[in-house]
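Have a look at this one before I ask anything.
Residue numbering begins at 1 within each chain, and the chains themselves are lettered A, B, C and D in the order written.
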Amino acid sequence: MENISIRTDLAVEAREMVQEETKKEVPGVAVNVEQQGDIKITRVKIEKEVGQKIMGKPIGNYITLEIPQIREKGEKFKEDLAQELAKELNTMVHKKVNKDATTLVVGLGNWNITPDSLGPKVISKLMVTRHLLENIPDMVDQELTPVCAISPGVLGITGIETSEIVKGIVEKIKPNLVIAIDALASRRAERVNTTIQMTDSGINPGSGVGNKRKALNKDSLGIPVIAIGIPTVVDATTLANDTIDLMLDAMIKEATQGKEFYNMLKEINREEKHMLIRQILHPYVGDLMVTPKEVDLIIDDISLVVANGINIALHPGIGLEDVNRYIN
Amino acid sequence: MENISIRTDLAVEAREMVQEETKKEVPGVAVNVEQQGDIKITRVKIEKEVGQKIMGKPIGNYITLEIPQIREKGEKFKEDLAQELAKELNTMVHKKVNKDATTLVVGLGNWNITPDSLGPKVISKLMVTRHLLENIPDMVDQELTPVCAISPGVLGITGIETSEIVKGIVEKIKPNLVIAIDALASRRAERVNTTIQMTDSGINPGSGVGNKRKALNKDSLGIPVIAIGIPTVVDATTLANDTIDLMLDAMIKEATQGKEFYNMLKEINREEKHMLIRQILHPYVGDLMVTPKEVDLIIDDISLVVANGINIALHPGIGLEDVNRYIN
Amino acid sequence: MENISIRTDLAVEAREMVQEETKKEVPGVAVNVEQQGDIKITRVKIEKEVGQKIMGKPIGNYITLEIPQIREKGEKFKEDLAQELAKELNTMVHKKVNKDATTLVVGLGNWNITPDSLGPKVISKLMVTRHLLENIPDMVDQELTPVCAISPGVLGITGIETSEIVKGIVEKIKPNLVIAIDALASRRAERVNTTIQMTDSGINPGSGVGNKRKALNKDSLGIPVIAIGIPTVVDATTLANDTIDLMLDAMIKEATQGKEFYNMLKEINREEKHMLIRQILHPYVGDLMVTPKEVDLIIDDISLVVANGINIALHPGIGLEDVNRYIN
Amino acid sequence: MENISIRTDLAVEAREMVQEETKKEVPGVAVNVEQQGDIKITRVKIEKEVGQKIMGKPIGNYITLEIPQIREKGEKFKEDLAQELAKELNTMVHKKVNKDATTLVVGLGNWNITPDSLGPKVISKLMVTRHLLENIPDMVDQELTPVCAISPGVLGITGIETSEIVKGIVEKIKPNLVIAIDALASRRAERVNTTIQMTDSGINPGSGVGNKRKALNKDSLGIPVIAIGIPTVVDATTLANDTIDLMLDAMIKEATQGKEFYNMLKEINREEKHMLIRQILHPYVGDLMVTPKEVDLIIDDISLVVANGINIALHPGIGLEDVNRYIN
C-alpha cells in the first residue's frame, strides 16, 4: 500500500483507498451495505490475516453509520440515530458479554482541545449506574445494568499512558466489557462529524486525534473492548495532500494526448509532494487541523447521540425520556 | 465532644471548638504559631491517641496558612504565598520520601460544582513531567522530578469509588508519594478561600465538600499521602447552627440576672436547634452551601497558588517563570 | 412594613410577608390561585397605589409558577412546564403588542457567577430570528416572528450601566417589546430554582442577584417590558435572619407563661439581630449566597425551560421539535 | 490584482501579495521595518488613494508585531510583548485623543467558536474603570482613565448587526475612542497566533473570522476607531489554494524547457483551481478552518497579551502587577 502512511482511522476509508488502487474488493474482507432511511450502514468484517495486513487494521467487525445531512436534521432525527446506533451496539455487545455484565465506558481524548473532547463529552452525558446498583439497589429500576465511566485524560495532562490508567482501573474493579469513545481523523472533510464507527477490535496504536499510544483491546485488557469513534478533524497534511492528488488527476485527464506533459506529471512523486506540503504548513506541520467553524456546537450535539446510543444499548428496559433522571 | 457532628475539615477549627468547650489546650496535641508577614502559620501536631480521639482527626501534622486579606492582595503576594506554601510542603514531603521520588498528584472533587472543583483546577495548572523524563530525558531540565497527575472525578460521575480509581493507578504505576488536593467545608465564613491546610495524615472519611468516602492514606495506599485542602464553602446547616449559638450566647450574657430566663435558654438544646434548622433549610437540608458570590473567580486564583506551591516544592531547581513552559 | 428591607424579588413572598404581619389580604391587590397538575399558578395583580406601596412593587401583573418537585421530574415534565409558561407568557405578551411585533430578549446577569448566569444562559438557547426574517425571508418559516437577543453583562464587567446599554440598543433597533430575564433572590430555600415569576411591570431597582441598578420598564424604555425571573439564591443575610426569627418564634411560643422572659424576647430588636448577623457573616457580609450544591446543572436545566417557554410563546406556529433548527 | 478575492485581513500580507506580483513596493504606501529583540515591527502607512485601491484596505496606519517563536517563550516574554504592544498602541491612541479620553473597548467575535473568541476573551481580562471613576472616584488610583467594554456577540447569536449594537451604545454613552478587537484570517499558517496588527482605520467590511459585516470606523461611529487583530485561523479554501499555487510554481520551475507543458500549466486558471477546491472541501466549503490543535490554550495566552497591552497603554500610571486588582 503506497498510501499506508496517509492517516485514516476509518475502515470504510481504508477499504476505499485499497479499492481505488486495486479496483477490486479487498481479499479477506466481507462488506455489507444497508440504507436505513437517511442512515447508511456499512458493515466491514476483516476476517483473515490477509485482510488485516492490507487494511492496516486488526481482524474484527467495523460498523459505520453515515449521515451526510446530519446538520440539517432536527432533534427527532438525533433520537432516531441514537436508536439505530443502540441497535447495532446492542448486537455487538451481546455477542461478547451477557445481559448483566458490568461495563466500563472510557472517554478518550483531551477535554481542552475541542475536536478531541468527544470522549469526555460523551462520558458527561452517560447514565452511570454501578454505584446505585451497589449501594441503593432497591431505589433504582430493575432493568438497569451496571455502568461506570472514566475520562482518563491524555499523556500530556496526566504524565501517565492512558492505557496504564485504564488497565489499573480494570484490574481494580473488574468490569466485563470496556466501551472506549474516541475522536478520529478522517481523510475527507465530508465525513467530519457525519460518520460513526464502532468496532469490536478495540483501540489500536496510532489511532485518534491526539496522541493516545498503546492499545486498548482484548489482548491488553483481558476483556472485550468495543471502540466507538467519530471523525472530528481532517488533518491539514491530508487536506494538502488530497488537494495535490485531485489536481494531478485533473491535469492527467486533460493531458492524455501530450506525452511529455503526462510523463512530467507522473514524476511528481510522493517525495516532492511531501516537500511541498511541508513548505505550505511550516512551521506547524503535524499540529494543524481542519475543522468546521462551529465544531464546539457539533461536538455537543454528536456526543449526545453517542451517549444516548450507549444508554439505550446497555439499559434496553429504560426509555430515552427516563435517561435524564440518571444523568449527573 | 458535644459538637462532634458539626462538620469541620480543619484541625485549627477542631482545636478551637475543643478549647471553647474546655478552656484549655487539647491533650496529646502540640501547637506552634508563627506570623510570616501577612501569613499566619499554625502547626498542629496530633501526637497521641488521646489527641486523635478528642480532635476527631488522625495522628499527624497539620499545617495551616491563614491569609484573611488575600482578596485585597495583588499578584505579587500570590507568588509569595505560593513560595511559603512550597517551603512548608517541601519540608513535609522530604520527611517522607527522597529527592527523586515519583509523585502522583490527585485532584479530588467534582469539576461541575464550582466550589468542589478546586482539585481538578489545581491539576490543570500543574507541571506534569513524568512522561517527559521517561520519554525525552535529554530535552528537559535536570532538576525536574517525576510528577504525574489525575482528576478521578466523583462517585456520581464515574460510578466508581474515587479511592478504588486511585488505588488502581497507584498499583499500576507505583509512585512513591501521593499529594491529594481537596475542597473543604469550614465552620466559619471568614475562612472560606483564605485558609490552606496541609497534612501528612492523608484524606479520611467524611472530609470534603462532596461525598468522597473511603480513605486515601498510608494504610489504604501503602505509600505516604499528603493532603492539601482549602475551605471553599460553609454548609448552610453550620451557618444556621452558628447563628443560633451566637444568638443564645448574646441572650445569656444579658440574662445573668434573670433566673427563669437563664434556665429557659439553657433548655434550648441540640434537638430543638436541629429541628429549627431543618425547618429553615427544608427541603434542601444537607445540599445547600454558602459561598462567596464570586466563587468561580476565587477558585481560579487560589488553585493557581496551590499548583505553584506544589510546582516549586517538587522541582526546587525550577523558577516560577519557567513553570509555564511545562504546563499543558 | 418592618420587614421591608428584607430582600425579596417575588410578589408572592412580599404578599406572604404582609399577610403574616397583618393576617389579612393586602389591600389594592387581587390574587388568583390555580393548580395545573404539578404546577401551582398564582396570579397577583397589584391594582392600586396602596397595593404598590405596601407590596414594595409597582402596579402590574405578577404570575408565578411554582413546582416544588421540579428536580424529581423527568424530561417530559420540563416540556409541559415550558408549554404552561408559554401559555401564560403568550397571554401577557399579546395584551401589550400585536402578533408580528419585534421582541428584544435581554439576558441580565453575570455569566461568570453561576447563580447569576440564568439570563445569559436563556439567551444562548433562544430562537433568534430577526436577522433571518430581514435577510433571507424566503428561507424561513412563515410563522416566525422577529426575535433578537442580547446579554449585556453587568456593571463590573462593562463599566456601563446595563440600562444604558439596553436603552442604546432599543433606540437604535426599535423593537416593540422587551422581555428581560433575571436571576432573583428568594427569602426561602425551598423556592430556589422551583419558582418562575413573570411580570409586566419590568425590572425595577434593587432586584436581582447581582447589582443591576436602574429600571428597565415602560417608563425608561418607552415600550412594554415583561420580566421573567427565577430565584437562584437565598442570600446569607436572609438565611441568618430567618433562622433567628424562627427561633424567637419558637421560644415565644414556649414562653407565654413567663412574663420576664417574654419581654426579654420582645426586646431582641432589629438592631441586635443585624449586629448578630454581621458577626456571623463577617467579613463577607452581603457577598455570601446560599445555593444548592448542583447549581450549575440546575441553571442549565431551568434556563432551557425558560428559553423554550419564550420560543413557543413568541412563535406559536413552531413546534418544540423544530426549535433546535433555529438555535445558534 | 488577480488575487484580490483571496482573503487576508493583514496589511503585511496584502503588501506581500502585491510585491510578489509586481516585484516592487506598492505605490502610495510607506513601509518601515524595525527589529526589537524577538519582535519584528512593521509599520505600513497607506497614504494615498492609489495605495488604498491596490492594497484593498483603507488609508491609515497598520502596525504589525510578528513573533514567530512566541510559543517557545516563557511568561516573562509575554510581559515584554504586552509592553511593546502598549508602546505602539499608546502612540496611536494619543495621536487621536487626549489623555483623559473615555475608551470603549469592543470584543468582536463569537465566544462559542474558539478561534473567533479572541475579542470576548480580551474583554474578560481588561481593566474596566469607567464605573469606578464615576461612582467612587476617591477610592481608585488617580492615574486611571475611564475604560468601558462590551462583547456584542455576532449576528447569528443576537439577530442584530454588531455595528448597530455598537452604534447604539456609542450614541448613548459617548466615548471618545473605540478600540475593537477581532480574530483575523491569515493566508499563512505560520502567522496564526504569532502576529498582532493594530490599525487606526478601524474594522472594515469583509474582515474577520466570522461574519461581522458593516464597518466600525470614524465614518460610521463619528469617533476614532483603532482595531487590534490577530490571525487565529487559515481558512481551508486559502490553504487548498496556496497548496495548488505552490505546486504549480514548483512545476513551472522544472518546466522551463518544455513549451507544451509550460503552456498547459499556465492554462490552469482561477476557475479550474476554484472548481478543484470546491471538490476537495465539499460539502463544507467556506465553513472549514485550519487551526493549531491547541487553539483553546493559545487564545487564552494571546488574549492576555492583548488585554495587558491595552491596560498598560490606557493607564500608563499603573504597573502590570496592579492590573489584577482591577479585573472583575
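The rule is simple: contacts are C-beta pairs under 8 Å (C-beta built on N, C-alpha and C of every residue); 3 or more make two chains touch, one makes a residue touch a chain.
Chain-to-protein mapping (UniProt): A, B, C, D = Germination protease.
Quick caveat: nothing in here was measured; it's all calculated off a predicted structure.
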| item | value |
| --- | --- |
| Remotest chain, chain A as reference, centres from CA atoms | C |
| Proportion of interface numbers common to chain A and chain B (over half same, under half different) | same |
| Inter-centroid spacing, chain C versus chain B (mean Cα positions, whole Å) | 36 |
| Inter-centroid spacing, chain C versus chain A (mean Cα positions, whole Å) | 45 |
| Chain A and chain B, separation of their C-alpha mean positions in angstrom | 41 |
| Where chain A touches two or more other chains at once, by residue number | 112, 294, 297, 328 |
| Touching residues (chain side chain D, partner chain C) in the complex | 112, 123-124, 128-132, 146-153, 155-161, 164-165, 167-173, 328 |
| List of chain C residues in touch with chain B within their complex | 68, 112-114, 116, 189-190, 192, 209-210, 234, 236, 239-240, 242-244, 246-247, 250-251, 254-255, 258, 260-261, 264, 268, 272, 276-277, 279-284, 287-297 |
